[in-house]
(Lines give C-alpha, C1' and ligand atoms only; values in the text may rest on other atoms or scores of the structure.)
Protein backbone atom coordinates (compact mmCIF):
# COMPACT_ATOMS: atom_id res chain seq x y z
CA UNK A 1 0.00 0.00 0.00
CA UNK A 2 1.16 3.50 -0.66
CA UNK A 3 0.50 6.13 1.93
CA UNK A 4 -1.24 9.35 0.92
CA UNK A 5 -0.77 11.82 3.72
CA UNK A 6 -1.53 15.50 4.25
CA UNK A 7 0.97 17.80 5.93
CA UNK A 8 1.25 21.51 6.62
CA UNK A 9 4.51 23.40 6.45
CA UNK A 10 6.41 26.13 4.66
CA UNK A 11 8.20 26.13 1.33
CA UNK A 12 11.91 26.28 2.18
CA UNK A 13 13.44 26.52 -1.29
CA UNK A 14 12.77 28.27 -4.58
CA UNK A 15 10.82 26.35 -7.19
CA UNK A 16 11.81 26.00 -10.83
CA UNK A 17 10.14 24.14 -13.68
CA UNK A 18 12.12 21.23 -15.13
CA UNK A 19 11.49 18.55 -17.74
CA UNK A 20 11.18 14.96 -16.56
CA UNK A 21 10.98 14.04 -20.23
CA UNK A 22 9.90 15.90 -23.34
CA UNK A 23 6.23 15.67 -22.35
CA UNK A 24 6.30 16.01 -18.59
CA UNK A 25 6.93 19.11 -16.51
CA UNK A 26 8.05 18.65 -12.94
CA UNK A 27 9.25 20.71 -10.01
CA UNK A 28 10.40 20.02 -6.48
CA UNK A 29 10.99 21.90 -3.26
CA UNK A 30 11.90 21.28 0.35
CA UNK A 31 9.04 21.47 2.84
CA UNK A 32 9.56 22.06 6.57
CA UNK A 33 6.78 20.90 8.91
CA UNK A 34 7.21 21.99 12.50
CA UNK A 35 5.09 20.67 15.31
CA UNK A 36 3.47 23.46 17.31
CA UNK A 37 1.29 23.29 20.39
CA UNK A 38 -0.11 25.64 22.97
CA UNK A 39 1.67 25.39 26.31
CA UNK A 40 -0.95 26.22 28.90
CA UNK A 41 1.54 26.78 31.69
CA UNK A 42 3.62 29.25 29.68
CA UNK A 43 0.46 30.58 27.99
CA UNK A 44 2.18 30.62 24.60
CA UNK A 45 2.74 28.57 21.46
CA UNK A 46 5.86 26.47 21.48
CA UNK A 47 7.54 24.70 18.58
CA UNK A 48 8.83 21.17 18.52
CA UNK A 49 11.01 19.46 15.98
CA UNK A 50 10.73 19.68 12.22
CA UNK A 51 9.91 17.00 9.65
CA UNK A 52 11.59 17.75 6.31
CA UNK A 53 10.18 16.44 3.04
CA UNK A 54 11.27 16.64 -0.60
CA UNK A 55 8.06 17.49 -2.44
CA UNK A 56 7.73 16.67 -6.16
CA UNK A 57 4.93 17.79 -8.44
CA UNK A 58 4.20 16.89 -12.04
CA UNK A 59 2.35 18.25 -15.08
CA UNK A 60 -0.38 20.88 -14.39
CA UNK A 61 0.34 20.88 -10.69
CA UNK A 62 4.06 21.48 -11.31
CA UNK A 63 3.35 24.43 -13.59
CA UNK A 64 0.86 25.92 -11.13
CA UNK A 65 3.22 25.40 -8.19
CA UNK A 66 6.01 27.30 -9.95
CA UNK A 67 3.59 30.09 -10.88
CA UNK A 68 2.09 30.27 -7.38
CA UNK A 69 4.50 29.38 -4.58
CA UNK A 70 7.30 31.51 -3.19
CA UNK A 71 9.97 30.48 -0.71
CA UNK A 72 8.51 31.08 2.73
CA UNK A 73 4.87 30.48 1.73
CA UNK A 74 2.89 28.32 4.11
CA UNK A 75 1.19 25.45 2.36
CA UNK A 76 -0.89 22.30 2.71
CA UNK A 77 0.53 19.32 0.79
CA UNK A 78 -1.33 16.09 0.08
CA UNK A 79 0.99 13.47 -1.33
CA UNK A 80 2.25 9.94 -1.51
CA UNK A 81 5.00 9.24 1.01
CA UNK A 82 8.19 7.72 -0.41
CA UNK A 83 11.02 6.64 1.86
CA UNK A 84 14.06 5.43 -0.06
CA UNK A 85 17.60 4.51 0.95
CA UNK A 86 20.50 5.45 -1.29
CA UNK A 87 24.26 5.20 -1.19
CA UNK A 88 26.26 8.40 -1.16
CA UNK A 89 29.54 8.85 -3.02
CA UNK A 90 31.43 8.29 0.24
CA UNK A 91 29.48 4.99 0.45
CA UNK A 92 27.46 6.03 3.51
CA UNK A 93 23.72 5.34 3.45
CA UNK A 94 21.29 8.24 3.18
CA UNK A 95 17.50 8.27 3.29
CA UNK A 96 15.29 10.25 0.96
CA UNK A 97 11.88 11.22 2.38
CA UNK A 98 9.72 12.37 -0.47
CA UNK A 99 6.14 13.38 -1.10
CA UNK A 100 4.80 12.92 -4.62
CA UNK A 101 2.22 15.67 -4.47
CA UNK A 102 -1.40 14.87 -5.28
CA UNK A 103 -2.25 18.49 -4.61
CA UNK A 104 -0.92 21.59 -2.84
CA UNK A 105 -2.58 24.78 -1.61
CA UNK A 106 -1.75 28.00 0.20
CA UNK A 107 -2.62 27.61 3.88
CA UNK A 108 -5.37 30.13 4.65
CA UNK A 109 -4.72 29.96 8.39
CA UNK A 110 -1.81 32.32 7.89
CA UNK A 111 -2.66 34.48 4.90
CA UNK A 112 -5.26 35.43 2.35
CA UNK A 113 -4.83 34.23 -1.22
CA UNK A 114 -6.59 34.69 -4.49
CA UNK A 115 -6.96 32.59 -7.62
CA UNK A 116 -4.95 34.16 -10.44
CA UNK A 117 -5.78 31.95 -13.35
CA UNK A 118 -7.81 28.79 -13.79
CA UNK A 119 -5.76 26.29 -15.74
CA UNK A 120 -8.36 23.59 -16.01
CA UNK A 121 -11.32 23.90 -18.32
CA UNK A 122 -14.57 22.28 -17.28
CA UNK A 123 -15.06 21.26 -13.71
CA UNK B 1 -11.63 9.99 19.02
CA UNK B 2 -12.36 12.79 16.62
CA UNK B 3 -11.59 12.31 12.99
CA UNK B 4 -9.45 14.88 11.20
CA UNK B 5 -9.79 14.26 7.50
CA UNK B 6 -8.66 16.02 4.33
CA UNK B 7 -10.96 16.39 1.36
CA UNK B 8 -10.89 18.16 -2.00
CA UNK B 9 -13.89 19.82 -3.54
CA UNK B 10 -15.39 23.08 -4.63
CA UNK B 11 -16.98 25.91 -2.68
CA UNK B 12 -20.69 25.75 -3.52
CA UNK B 13 -22.00 28.77 -1.63
CA UNK B 14 -20.96 32.35 -0.92
CA UNK B 15 -19.11 33.00 2.32
CA UNK B 16 -19.93 35.73 4.80
CA UNK B 17 -18.31 36.64 8.09
CA UNK B 18 -20.51 36.21 11.20
CA UNK B 19 -20.04 36.53 14.92
CA UNK B 20 -20.18 33.38 17.03
CA UNK B 21 -19.88 35.65 20.05
CA UNK B 22 -18.42 39.12 20.57
CA UNK B 23 -14.87 37.78 20.32
CA UNK B 24 -15.12 35.06 17.71
CA UNK B 25 -15.52 35.40 13.96
CA UNK B 26 -16.89 32.46 12.04
CA UNK B 27 -18.01 31.55 8.56
CA UNK B 28 -19.40 28.51 6.84
CA UNK B 29 -19.97 27.22 3.34
CA UNK B 30 -21.14 24.10 1.52
CA UNK B 31 -18.41 21.95 -0.01
CA UNK B 32 -19.07 19.45 -2.83
CA UNK B 33 -16.55 16.61 -3.22
CA UNK B 34 -17.05 14.51 -6.34
CA UNK B 35 -15.24 11.28 -6.94
CA UNK B 36 -13.42 11.23 -10.27
CA UNK B 37 -11.46 8.48 -11.91
CA UNK B 38 -9.97 7.74 -15.26
CA UNK B 39 -11.92 5.19 -17.25
CA UNK B 40 -9.37 3.34 -19.37
CA UNK B 41 -11.94 1.81 -21.66
CA UNK B 42 -13.62 5.11 -22.46
CA UNK B 43 -10.23 6.88 -22.28
CA UNK B 44 -11.75 9.77 -20.31
CA UNK B 45 -12.35 11.04 -16.79
CA UNK B 46 -15.70 10.10 -15.33
CA UNK B 47 -17.40 11.48 -12.25
CA UNK B 48 -19.06 9.51 -9.52
CA UNK B 49 -21.30 10.67 -6.72
CA UNK B 50 -20.80 13.72 -4.54
CA UNK B 51 -20.14 13.99 -0.82
CA UNK B 52 -21.54 17.24 0.59
CA UNK B 53 -20.11 18.84 3.73
CA UNK B 54 -20.97 21.93 5.78
CA UNK B 55 -17.59 23.53 6.43
CA UNK B 56 -17.15 25.89 9.39
CA UNK B 57 -14.11 28.08 10.07
CA UNK B 58 -13.30 30.26 13.06
CA UNK B 59 -11.14 33.25 13.99
CA UNK B 60 -8.19 34.02 11.65
CA UNK B 61 -9.10 31.20 9.31
CA UNK B 62 -12.70 32.48 9.03
CA UNK B 63 -11.55 35.99 8.18
CA UNK B 64 -9.05 34.70 5.60
CA UNK B 65 -11.61 32.36 4.07
CA UNK B 66 -14.07 35.21 3.54
CA UNK B 67 -11.31 37.38 2.04
CA UNK B 68 -10.00 34.57 -0.20
CA UNK B 69 -12.64 32.12 -1.37
CA UNK B 70 -15.25 32.64 -4.03
CA UNK B 71 -18.13 30.38 -4.92
CA UNK B 72 -16.81 27.85 -7.43
CA UNK B 73 -13.21 27.87 -6.15
CA UNK B 74 -11.61 24.48 -5.84
CA UNK B 75 -10.14 23.90 -2.41
CA UNK B 76 -8.45 21.46 -0.07
CA UNK B 77 -10.09 21.31 3.39
CA UNK B 78 -8.56 19.66 6.45
CA UNK B 79 -11.07 19.43 9.27
CA UNK B 80 -12.69 17.54 12.05
CA UNK B 81 -15.65 15.45 10.89
CA UNK B 82 -18.91 15.99 12.80
CA UNK B 83 -21.96 13.86 12.08
CA UNK B 84 -25.01 14.94 14.05
CA UNK B 85 -28.66 14.01 13.98
CA UNK B 86 -31.31 16.66 14.47
CA UNK B 87 -35.06 16.86 14.41
CA UNK B 88 -36.69 19.04 11.79
CA UNK B 89 -39.78 21.14 12.40
CA UNK B 90 -41.91 18.46 10.73
CA UNK B 91 -40.37 16.04 13.30
CA UNK B 92 -38.43 14.06 10.68
CA UNK B 93 -34.80 13.27 11.46
CA UNK B 94 -32.05 14.97 9.49
CA UNK B 95 -28.30 14.46 9.58
CA UNK B 96 -25.75 17.26 9.60
CA UNK B 97 -22.34 16.35 8.13
CA UNK B 98 -19.90 19.05 9.11
CA UNK B 99 -16.21 19.75 8.91
CA UNK B 100 -14.74 22.07 11.53
CA UNK B 101 -11.88 23.35 9.43
CA UNK B 102 -8.34 23.10 10.73
CA UNK B 103 -7.15 24.70 7.54
CA UNK B 104 -8.21 25.37 3.94
CA UNK B 105 -6.28 26.18 0.77
CA UNK B 106 -6.85 26.83 -2.92
CA UNK B 107 -6.22 23.62 -4.85
CA UNK B 108 -3.25 24.25 -7.16
CA UNK B 109 -4.11 21.30 -9.38
CA UNK B 110 -6.70 23.46 -11.07
CA UNK B 111 -5.47 27.04 -10.85
CA UNK B 112 -2.63 29.33 -9.88
CA UNK B 113 -3.00 31.42 -6.74
CA UNK B 114 -1.02 34.08 -4.96
CA UNK B 115 -0.72 35.19 -1.36
CA UNK B 116 -2.40 38.57 -0.95
CA UNK B 117 -1.66 39.42 2.64
CA UNK B 118 0.02 37.59 5.48
CA UNK B 119 -2.18 37.81 8.53
CA UNK B 120 0.13 36.08 10.94
CA UNK B 121 3.27 37.72 12.25
CA UNK B 122 6.25 35.55 13.03
CA UNK B 123 6.43 32.09 11.63
CA UNK C 1 -12.04 12.74 -5.32
CA UNK C 2 -13.11 10.09 -2.91
CA UNK C 3 -12.08 10.41 0.69
CA UNK C 4 -10.30 7.52 2.36
CA UNK C 5 -10.33 8.18 6.09
CA UNK C 6 -9.33 6.25 9.18
CA UNK C 7 -11.50 6.26 12.29
CA UNK C 8 -11.55 4.48 15.64
CA UNK C 9 -14.70 3.31 17.36
CA UNK C 10 -16.64 0.34 18.55
CA UNK C 11 -18.78 -2.17 16.69
CA UNK C 12 -22.35 -1.42 17.72
CA UNK C 13 -24.25 -4.20 15.94
CA UNK C 14 -23.84 -7.88 15.19
CA UNK C 15 -22.29 -8.81 11.88
CA UNK C 16 -23.67 -11.37 9.45
CA UNK C 17 -22.41 -12.51 6.08
CA UNK C 18 -24.66 -11.72 3.11
CA UNK C 19 -24.47 -12.09 -0.63
CA UNK C 20 -24.19 -8.96 -2.77
CA UNK C 21 -24.44 -11.25 -5.77
CA UNK C 22 -23.60 -14.90 -6.36
CA UNK C 23 -19.87 -14.17 -6.31
CA UNK C 24 -19.52 -11.45 -3.72
CA UNK C 25 -19.77 -11.74 0.05
CA UNK C 26 -20.53 -8.61 2.03
CA UNK C 27 -21.30 -7.55 5.56
CA UNK C 28 -22.10 -4.31 7.32
CA UNK C 29 -22.26 -2.96 10.86
CA UNK C 30 -22.80 0.30 12.71
CA UNK C 31 -19.68 1.97 14.09
CA UNK C 32 -19.77 4.52 16.92
CA UNK C 33 -16.80 6.92 17.16
CA UNK C 34 -16.80 9.06 20.28
CA UNK C 35 -14.45 11.96 20.77
CA UNK C 36 -12.48 11.68 24.01
CA UNK C 37 -9.99 14.08 25.54
CA UNK C 38 -8.20 14.56 28.80
CA UNK C 39 -9.62 17.40 30.86
CA UNK C 40 -6.68 18.79 32.82
CA UNK C 41 -8.83 20.75 35.22
CA UNK C 42 -10.99 17.76 36.15
CA UNK C 43 -7.96 15.45 35.78
CA UNK C 44 -10.03 12.87 33.93
CA UNK C 45 -11.02 11.71 30.47
CA UNK C 46 -14.25 13.19 29.17
CA UNK C 47 -16.33 12.11 26.19
CA UNK C 48 -17.80 14.34 23.54
CA UNK C 49 -20.33 13.54 20.88
CA UNK C 50 -20.46 10.47 18.70
CA UNK C 51 -20.05 10.09 14.94
CA UNK C 52 -22.02 7.12 13.62
CA UNK C 53 -21.04 5.33 10.42
CA UNK C 54 -22.51 2.43 8.43
CA UNK C 55 -19.47 0.29 7.62
CA UNK C 56 -19.57 -2.10 4.64
CA UNK C 57 -16.99 -4.74 3.80
CA UNK C 58 -16.69 -7.01 0.78
CA UNK C 59 -15.10 -10.33 -0.23
CA UNK C 60 -12.18 -11.57 1.97
CA UNK C 61 -12.51 -8.65 4.33
CA UNK C 62 -16.24 -9.33 4.81
CA UNK C 63 -15.64 -12.98 5.62
CA UNK C 64 -12.83 -12.12 8.04
CA UNK C 65 -14.88 -9.39 9.70
CA UNK C 66 -17.75 -11.79 10.38
CA UNK C 67 -15.29 -14.40 11.75
CA UNK C 68 -13.43 -11.85 13.88
CA UNK C 69 -15.57 -9.00 15.18
CA UNK C 70 -18.10 -9.11 17.99
CA UNK C 71 -20.53 -6.39 19.00
CA UNK C 72 -18.67 -4.16 21.45
CA UNK C 73 -15.20 -4.76 19.98
CA UNK C 74 -13.09 -1.68 19.55
CA UNK C 75 -11.73 -1.31 16.04
CA UNK C 76 -9.80 0.83 13.59
CA UNK C 77 -11.55 1.27 10.25
CA UNK C 78 -9.95 2.65 7.09
CA UNK C 79 -12.51 3.30 4.41
CA UNK C 80 -13.98 5.43 1.71
CA UNK C 81 -16.48 7.97 3.01
CA UNK C 82 -19.88 7.98 1.29
CA UNK C 83 -22.49 10.58 2.15
CA UNK C 84 -25.78 10.01 0.36
CA UNK C 85 -29.24 11.55 0.65
CA UNK C 86 -32.29 9.37 0.31
CA UNK C 87 -36.02 9.78 0.57
CA UNK C 88 -37.85 7.90 3.30
CA UNK C 89 -41.28 6.35 2.85
CA UNK C 90 -42.84 9.34 4.63
CA UNK C 91 -41.05 11.47 1.97
CA UNK C 92 -38.68 13.10 4.47
CA UNK C 93 -35.01 13.28 3.49
CA UNK C 94 -32.48 11.14 5.32
CA UNK C 95 -28.71 11.01 5.01
CA UNK C 96 -26.65 7.84 4.85
CA UNK C 97 -23.07 8.16 6.14
CA UNK C 98 -21.17 5.09 5.04
CA UNK C 99 -17.63 3.81 5.05
CA UNK C 100 -16.69 1.29 2.36
CA UNK C 101 -13.98 -0.45 4.32
CA UNK C 102 -10.52 -0.77 2.82
CA UNK C 103 -9.43 -2.56 5.95
CA UNK C 104 -10.38 -3.04 9.60
CA UNK C 105 -8.46 -4.19 12.67
CA UNK C 106 -8.92 -4.74 16.39
CA UNK C 107 -7.69 -1.68 18.28
CA UNK C 108 -4.74 -2.79 20.43
CA UNK C 109 -5.00 0.25 22.69
CA UNK C 110 -7.81 -1.48 24.51
CA UNK C 111 -7.21 -5.19 24.26
CA UNK C 112 -4.84 -7.90 23.13
CA UNK C 113 -5.70 -9.90 20.04
CA UNK C 114 -4.27 -12.83 18.17
CA UNK C 115 -4.35 -13.97 14.56
CA UNK C 116 -6.58 -17.03 14.26
CA UNK C 117 -6.17 -17.98 10.66
CA UNK C 118 -4.35 -16.43 7.71
CA UNK C 119 -6.73 -16.27 4.78
CA UNK C 120 -4.32 -14.95 2.23
CA UNK C 121 -1.57 -17.08 0.77
CA UNK C 122 1.68 -15.41 -0.20
CA UNK C 123 2.36 -11.93 0.96
CA UNK D 1 2.00 20.68 13.02
CA UNK D 2 2.64 17.02 13.61
CA UNK D 3 1.42 14.53 11.06
CA UNK D 4 -0.76 11.64 12.18
CA UNK D 5 -0.85 9.13 9.36
CA UNK D 6 -2.22 5.62 8.90
CA UNK D 7 -0.22 2.95 7.10
CA UNK D 8 -0.57 -0.76 6.41
CA UNK D 9 2.35 -3.16 6.42
CA UNK D 10 3.87 -6.15 8.12
CA UNK D 11 5.80 -6.46 11.37
CA UNK D 12 9.39 -7.21 10.33
CA UNK D 13 11.05 -7.70 13.72
CA UNK D 14 10.26 -9.33 17.04
CA UNK D 15 8.79 -7.12 19.75
CA UNK D 16 10.01 -6.96 23.33
CA UNK D 17 8.80 -4.88 26.25
CA UNK D 18 11.29 -2.31 27.59
CA UNK D 19 11.23 0.41 30.20
CA UNK D 20 11.43 4.02 29.06
CA UNK D 21 11.59 4.95 32.73
CA UNK D 22 10.38 3.27 35.90
CA UNK D 23 6.75 4.10 35.09
CA UNK D 24 6.58 3.75 31.32
CA UNK D 25 6.59 0.60 29.23
CA UNK D 26 7.60 0.89 25.61
CA UNK D 27 8.30 -1.32 22.61
CA UNK D 28 9.36 -0.80 19.03
CA UNK D 29 9.47 -2.75 15.80
CA UNK D 30 10.27 -2.28 12.13
CA UNK D 31 7.30 -1.97 9.78
CA UNK D 32 7.53 -2.64 6.03
CA UNK D 33 4.85 -1.03 3.85
CA UNK D 34 4.91 -2.14 0.23
CA UNK D 35 2.90 -0.48 -2.47
CA UNK D 36 0.74 -2.96 -4.38
CA UNK D 37 -1.52 -2.41 -7.34
CA UNK D 38 -3.41 -4.46 -9.84
CA UNK D 39 -1.79 -4.50 -13.25
CA UNK D 40 -4.64 -4.87 -15.72
CA UNK D 41 -2.41 -5.80 -18.65
CA UNK D 42 -0.66 -8.58 -16.73
CA UNK D 43 -3.91 -9.38 -14.91
CA UNK D 44 -2.06 -9.76 -11.58
CA UNK D 45 -1.02 -7.85 -8.49
CA UNK D 46 2.40 -6.28 -8.66
CA UNK D 47 4.49 -4.85 -5.85
CA UNK D 48 6.34 -1.58 -5.86
CA UNK D 49 8.90 -0.26 -3.44
CA UNK D 50 8.77 -0.45 0.33
CA UNK D 51 8.54 2.31 2.93
CA UNK D 52 10.24 1.28 6.18
CA UNK D 53 9.23 2.79 9.52
CA UNK D 54 10.46 2.41 13.08
CA UNK D 55 7.25 2.09 15.10
CA UNK D 56 7.25 2.93 18.82
CA UNK D 57 4.42 2.26 21.26
CA UNK D 58 4.03 3.25 24.89
CA UNK D 59 2.16 2.19 28.02
CA UNK D 60 -1.01 0.05 27.48
CA UNK D 61 -0.49 -0.05 23.74
CA UNK D 62 3.12 -1.25 24.19
CA UNK D 63 2.05 -4.05 26.51
CA UNK D 64 -0.76 -5.12 24.19
CA UNK D 65 1.50 -4.98 21.13
CA UNK D 66 4.03 -7.31 22.76
CA UNK D 67 1.24 -9.68 23.82
CA UNK D 68 -0.45 -9.59 20.39
CA UNK D 69 1.93 -9.11 17.47
CA UNK D 70 4.27 -11.65 15.96
CA UNK D 71 6.93 -11.06 13.34
CA UNK D 72 5.22 -11.39 9.97
CA UNK D 73 1.79 -10.22 11.16
CA UNK D 74 0.06 -7.76 8.88
CA UNK D 75 -1.07 -4.63 10.70
CA UNK D 76 -2.62 -1.20 10.43
CA UNK D 77 -0.64 1.50 12.27
CA UNK D 78 -1.91 4.99 13.05
CA UNK D 79 0.87 7.20 14.35
CA UNK D 80 2.69 10.47 14.43
CA UNK D 81 5.39 10.73 11.78
CA UNK D 82 8.86 11.72 13.04
CA UNK D 83 11.70 12.33 10.60
CA UNK D 84 15.01 13.02 12.35
CA UNK D 85 18.58 13.36 11.18
CA UNK D 86 21.39 11.96 13.27
CA UNK D 87 25.14 11.59 12.98
CA UNK D 88 26.60 8.11 12.87
CA UNK D 89 29.86 7.14 14.56
CA UNK D 90 31.62 7.41 11.20
CA UNK D 91 30.25 10.98 11.08
CA UNK D 92 27.91 10.28 8.13
CA UNK D 93 24.36 11.56 8.39
CA UNK D 94 21.51 9.09 8.79
CA UNK D 95 17.77 9.68 8.85
CA UNK D 96 15.38 8.08 11.30
CA UNK D 97 11.80 7.66 10.06
CA UNK D 98 9.61 6.86 13.03
CA UNK D 99 5.95 6.46 13.84
CA UNK D 100 4.89 7.12 17.42
CA UNK D 101 1.89 4.82 17.41
CA UNK D 102 -1.51 6.18 18.40
CA UNK D 103 -2.96 2.75 17.80
CA UNK D 104 -2.25 -0.51 15.98
CA UNK D 105 -4.47 -3.40 14.86
CA UNK D 106 -4.25 -6.71 13.01
CA UNK D 107 -5.23 -6.17 9.39
CA UNK D 108 -8.40 -8.19 8.77
CA UNK D 109 -7.92 -8.13 5.00
CA UNK D 110 -5.42 -10.94 5.37
CA UNK D 111 -6.44 -12.94 8.41
CA UNK D 112 -9.04 -13.45 11.10
CA UNK D 113 -8.23 -12.37 14.63
CA UNK D 114 -9.89 -12.54 17.99
CA UNK D 115 -9.75 -10.41 21.14
CA UNK D 116 -7.86 -12.29 23.85
CA UNK D 117 -8.17 -10.00 26.79
CA UNK D 118 -9.65 -6.55 27.30
CA UNK D 119 -7.11 -4.43 29.13
CA UNK D 120 -9.21 -1.34 29.53
CA UNK D 121 -12.11 -1.18 31.97
CA UNK D 122 -15.08 0.97 31.10
CA UNK D 123 -15.53 2.05 27.55
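In this document, chain identifiers A, B, C and D correspond to the written order of the chains, with residue numbering beginning at 1 in each.
Following the convention adopted for this analysis, a contact is a pair of C-beta atoms (placed from the backbone, for glycine too) under 8 Å apart; a residue touches a chain by one contact, two chains touch by 3 or more.
Just so it is clear, the model here is predicted, and its values are computed rather than measured.
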item: Path length in the contact graph (subunit B to subunit D, fewest steps); value: 2
item: Mean-CA-position distance for subunit C and subunit A (Å); value: 32
item: Inter-centroid spacing, subunit D versus subunit A (mean Cα positions, whole Å); value: 25
item: Rounded Å distance between subunit A and subunit B, as computed from the means of their C-alpha atoms; value: 21
item: Overlap residues in subunit D, where contacts from two or more other chains coincide; value: 6, 8, 34
item: Category of the chain touch graph - line, ring, star, complete, other; value: ring
item: All chain pairs that touch each other; value: A-B, A-D, B-C, C-D
item: Residues of subunit A defined as touching subunit B within the complex; value: 6, 8, 10, 34, 47, 60-61, 64-65, 67-70, 73, 75-76, 78, 102-120, 123
item: Subunit C-touching residues of subunit B, taken from the complex the two chains share; value: 1-3, 5-9, 33-36, 48-49, 51-53, 81-84, 88, 90, 92-95, 97
